[in-house]
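Take a look at the structures listed below.
Look for chain A in each of the two complexes below; its partner is chain B in the first and chain C in the second.
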Partner chain A sequence: MKLNKEFLIHKTDKETVLVPTGNAAFSGVVRGNKTLGAILELLTKETTKEKIISALKERFDAPEDKIEEDVAKALSELSKIGALDE
Partner chain B sequence: MNKGISYEEYLEKYGSLTYTNVGTSMMPLLKQGRDLFTVTKKGEKRCKRGDVVLYKKGGKYVLHRIVKVREHDYVIMGDNCVSKETGIRDIDIIGVMTEYKRNGKLHSVTDKGCRVYSYIMSHTPAVRGAAKKAALKLKRVVKR
Partner chain C sequence: MKKTYKIAGLNISVSSLYENVHRLCADYISDGEPDIAVITNQSDIDFERKKADGRYSDGYLETLAVYRKIAETMPEHDTVLCHGSALAVDGEGCIFVAPSGTGKSTHARLWRQYLGDRVIMINDDKPLIKITKNGAFVCGTPWDGKHRLSANITVPLKALSVLSQAKENSIRQTEPSEAYAALLQQVYRPKNARALMKTLDLIDTLTAQIRLYSMECNMDIEAARIAYEAMKG
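On to the complex of A and B.
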């Protein structure tokens, strides 16, 4: 899976924002924390859910099941708005 | 996710909005599908010549540049447009652009390069409009 090219990532000190271009069907803004930022960065290249979970486990000091839950939730939401090429 | 809230409500809630433009009216500064802009909520202070503002006109949201500040309104023009818009009041302006991401690189409107660009764009609307019109006319003649 990969982030659809019609979505742009914008990171600030405080948050990560995912913005659709005018060509995307979705017309809202997705705001998230550093975890979402890391997930989105990983999605800029072809990857899998397992690879994302593995990368986040290395990067963040958080319980495994929490990371798995966050990744599953983020991917599900991104998929709903058409931000994922699966 | 923030489904179903207007830009005004979004700015009220978060103070700033990062979004993408649609169309070519702010080329070459902002290209649709590539670049992003961030606007912050307009305060009480009046905007300045050269400011790029997000405003609402006829139910549509527009991001263009102020080329003239008048007592009761602003004269506004897109960087790639041929005609000016008048009658845009303070009340119509929702936000003022503070930064933009062009080709993946983040720029603040206070950067020297941006200020120079803004100065040129806001002080040459007539020249740009005429040049653009002439270029369009020439294009039509060449096509025949």
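On to the complex of A and C.
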């Protein structure tokens, strides 16, 4: 899976924002924390859910099941708004 | 038919199928060499019809198509279209942004009631904002909302207020990070990814240059007094 090309990642000083172009059906803005920022960065290249979880476990000092839960939730939400090419 | 108009400092030639857009832009006529060329066709009008909520003439829909094409190219010229009500007080610009139906135009009207002739409406619906290293400027355009309130002028933009409805009036200054998402929702997002990237960079620059506020307001004139006292800098 990979981030759809109609969605851009933009980082402000405090958060990561995912913004669709005018071509995307979704017209909102997704705001997220560091975890979502890391997930989005990984999605700029072809990857899998398992690879994302593995990368986040290395990067963040959080319980494994919490990371798995966060990744699953983020991917589900991104899929719903058409931000993922699966 | 084809005519050229000077909008936000740029000469824009507009080739249209219908006359409506030329009537709309009459105050902005220019004989300058075009910086941007906009050409519309029936498919642009059909696209606007799909987006529009209601039944409109092709001529009216073409006016929207022309502005969409202008907005698409504006980031290249360090300019963005912002859905908001912009006015100037004593020559300094401020803009109110919020989702449709919140009361941007109503709030701007309260400022006119409170401050009288000191207020000039720059654009009550879709002004352009030019963002430079030397500051931001808000520009009047002919696409000025249902009350047709605008002026063909450009003034320095000093403040932006994100409005929300409330029973009681209150206003506070905010950090760029707080205003960013709300502003992003009201700025035109180009179809072209590179133009969108430029738009996001321009918003970063803009929010670092001007004073930002979050205001909860009702429809009493007191809302204008509180807002003006806080925003006058």
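Note that the second predicted complex is superposed on the first by the 86 of 86 C-alpha atoms of A that agree within 3 Å, B and C clash if a C-alpha of one lies under 4 Å from a C-alpha of the other, contacts with A are read in each partner's own complex, and residues count from 1 in each chain.
The rule is simple: a contact is a pair of C-beta atoms (placed from the backbone, for glycine too) under 8 Å apart; a residue touches a chain by one contact, two chains touch by 3 or more.
In this text, all values refer to a predicted model and were calculated from it rather than measured experimentally.
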Fit or clash between chain C and chain B when superposed on chain A: clash
First (chain B), second (chain C), both or neither touched by A:K51: neither
First, second, both or neither for A:R59, with chain B first and chain C second: neither
A:D13 touches, of chain B and chain C: first, second, both or neither? second
First (chain B), second (chain C), both or neither touched by A:K34: neither
Which superposed partner A:E77 touches (first chain B, second chain C, both, neither): first
Doubly contacted chain A residues - partners chain C and chain B: 6, 8, 10, 17, 19-23, 28-29, 31
Partner chain A, residues of chain B touching it in the complex: 1-3, 10, 14, 17-23, 32-34, 36, 38, 101
Complex contact set, residues of chain A against chain C: 5-6, 8, 10, 12-15, 17, 19-23, 27-29, 31
Sites on chain A touched by chain B in the complex: 6, 8, 10, 17, 19-23, 28-31, 77, 81
Footprint of chain A on chain C - complex, ascending: 72, 176-177, 180-181, 184-185, 188-193, 196-197, 200, 204
